[in-house]
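Look at the two complexes coming up: chain A is in both, with chain B in one and chain C in the other.
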Partner chain A sequence: MSTPARRRLMRDFKRLQEDPPAGVSAAPTENNIMLWNAVIFGPHDTPFEDGTFKLTLEFTEEYPNKPPTVKFVSKMFHPNVYADGGICLDILQNRWSPTYDVAAILTSIQSLLDEPNPNSPANSLAAQLYQESRREYEKRVAAIVEQSWLNFQLQIDSLISS
Partner chain B sequence: MEESEKESLDTVSPENAEGSQNQDELIMAQEKEIAEEVSQLQSKFSRIRRTRPDGNCFLRGFIFAYLDYCVQNREELTRFKKILESSKNELFDLGFPKFTTEDFYDMFVEVVSDLEANGTSQRVESICNDSGTSDYLVVYLRLLISAHLQKNAEFFSFFIEGGRSEVEPMYRECDHLHIVALTAALDICVSVIYLDRGKAESLAIHNFPEDKDPLFFMLYRPNHYDLLYKT
Partner chain C sequence: MSNDIDSTENDGENGIDSQKPEKMFTLKKWNAVAMWSWDVECDTCAICRVQVMDACLRCQGENKQDDCVVIWGECNHSFHNCCMSLWVKQNNRCPLCQQEWSVQRIGI
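Coming up: the complex of A and B.
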């Protein structure tokens, strides 16, 4: 059944294919257009460089009136990402505008990686290290970057072997 | 906002004559100290059309009443379509995202073109009671308000802090300044009757803007707007 939310999600998907933004990619899951998988590549010249971070976006029929629930599936170490992968970002909460689409959401999250807001920490250790010990912070980030890359490699291997 | 409340009411309900259940409810709900205001209200207006109380009620009521006025005054529909068409590039120039803004714009133009061909009050009612369409129209009005506030930022900066993040999110009720911005952007006048002033001796009626004749009337009670119709 076509609803405004589903129609708009098809439009978002079409735009992602026709005019893909740099460093992010996303697609609906095979059986459910309301559930998307996405990948954000860590921005260059940041501690997140070379990371391939997987996320899920869960939409409701209220989209685009209300934002989707966006979560990192890959392990993340960032002041504004909760232990369960949930993201603390104003445009996904009280500053949401129906003019944001999937591409805009992912691009904003990508910018958030290197521009954390330590004043509203979702991970207090990450926020503390970011402010007080940048070297230790970057070490922790390097660890999750490596982990994301290994997981990505494993998936590619399993795709090839199957 | 209760989910059940949102679903239970049409986005814009049928008109109700005085003495009908909704009208009774309106009167009964008022405290005694504003009985005088209520009786003045009754002498001026005989019918009320309720809007779904979901935080979009001003804009849902507004667009219904305005389109309804337009189908009965075709030159206004033509004028509105011109304003609508020129608004698209203004929004782009202000940096609104092209791809999504266009989606809301296209839906609005589709509705107006449909009304040019088949414009009746019944048609307006059925368009405005389709939730998906109503939501899209409301979003575009929010963008017009946001754009007007940005274009006149210097003027409005004396009054507001939030800017676009206060108006673009859905389900967030319009305040006074949003009404000023919307009526200015469309160059029309709407009259709001405020029923929230307690012991006032006469009804508080405010035209936006003050120097024009209103095209329609809205009733404000704390946190909610409905439409009013003259006797």
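Coming up: the complex of A and C.
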């Protein structure tokens, strides 16, 4: 059944296809438009460069009045990302606006990667290293960037074999 | 319109009109094209992403197209009244400029 939330998500999808933002990609899952898979490519000239980070976006029927739940599926090492992949980002919580769409959410998360907010740490080790030992921080990030390729390759392989 | 100018009638004292060359063409027909747009800053409802002058996604689905009206804030941002009334229940700010939402007018 089509609801306002589902129709809005179809519009979001159309906009993503017609005017795709750089470095992000997303699509609803095959049988559930309320659940999306997305990929954010690590921005150039950042420690996250060339990473292919997979996320899920889970919407409710209250969308766009309520934000979706967005989580990294790929392992992430970032001051504002929790161990379970949850993201601490103001626009996904108290600063949400119903004018945001999937493209806006993903580009915001993409820019959060290189502009962490150390004041609201979700990963205290990442926040500490970011502020006190940038070299060690970048080493840890490089590790999850490499891991993101491995997982990406596994997903491609399983898609090809299925 | 005629190019047949009677030079004797307009013949001034200095005789300038009598030196005018014969007109090279005659305008027989012309078509005017006018463009218009709604006099609002934003013509798409940023909440449901449908034109404000069309019914919002909710009303389209419920076949209530005629009841769907536009609401303007003091900030001059416009939305569907239905979309906005659901949003202000949880946050009384304009979704576009984050200013405190106060209604300027409602209607078509």
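Side notes on the structure shown:
One rule holds in what follows: the second predicted complex is superposed on the first by the 160 of 162 C-alpha atoms of A that agree within 3 Å, B and C clash if a C-alpha of one lies under 4 Å from a C-alpha of the other, contacts with A are read in each partner's own complex, and residues count from 1 in each chain.
Please note the rule applied: contacts are C-beta pairs under 8 Å (C-beta built on N, C-alpha and C of every residue); 3 or more make two chains touch, one makes a residue touch a chain.
Predicted model only: the values in this text are computed from it and were never measured.
Superposition of the two structures on chain A shows chain C clashing with chain B.
By the touch criterion stated above, A:His44 is placed in contact with neither chain B nor chain C.
Of the two partner chains placed around the shared chain by superposition, chain B is the only one that A:Ala104 touches, whereas chain C remains out of contact.
Put simply, more of the residues of chain A are touched by B, taking chain B and chain C as the two choices. Within the superposed three-chain model, A:Lys139 lies out of touch with both chain B and chain C [touch as defined at top].
Once the two complexes are overlaid on the shared chain, A:Arg8 sits against chain B and chain C alike.
After superposition on chain A, the stretch of chain B whose C-alpha atoms clash with chain C is 128-136, while the remaining options among 20-28, 38-46, 128-136 or 218-226 stay clear.
Counting contacts as defined above, chain A residues 3-4, 8, 11, 15, 64-65, 97-99, 101 meet chain B in one complex and chain C in the other. Listed in rising order, the residues of chain A touching chain C in the complex are 2-4, 7-8, 11, 15, 64-65, 97-99, 101. Touching chain A in their complex are the following residues of chain C: 46-49, 56-58, 60-61, 83, 86-87, 90, 95-96, 98.
Residues of chain A that touch chain B in their complex: 3-4, 8, 11, 15, 19, 64-66, 90, 94-101, 103-104. Within the complex formed with chain A, the chain B residues making contact are 96-97, 99-101, 103-104, 131-132, 135-136, 139, 142-143, 164-165, 168-171.
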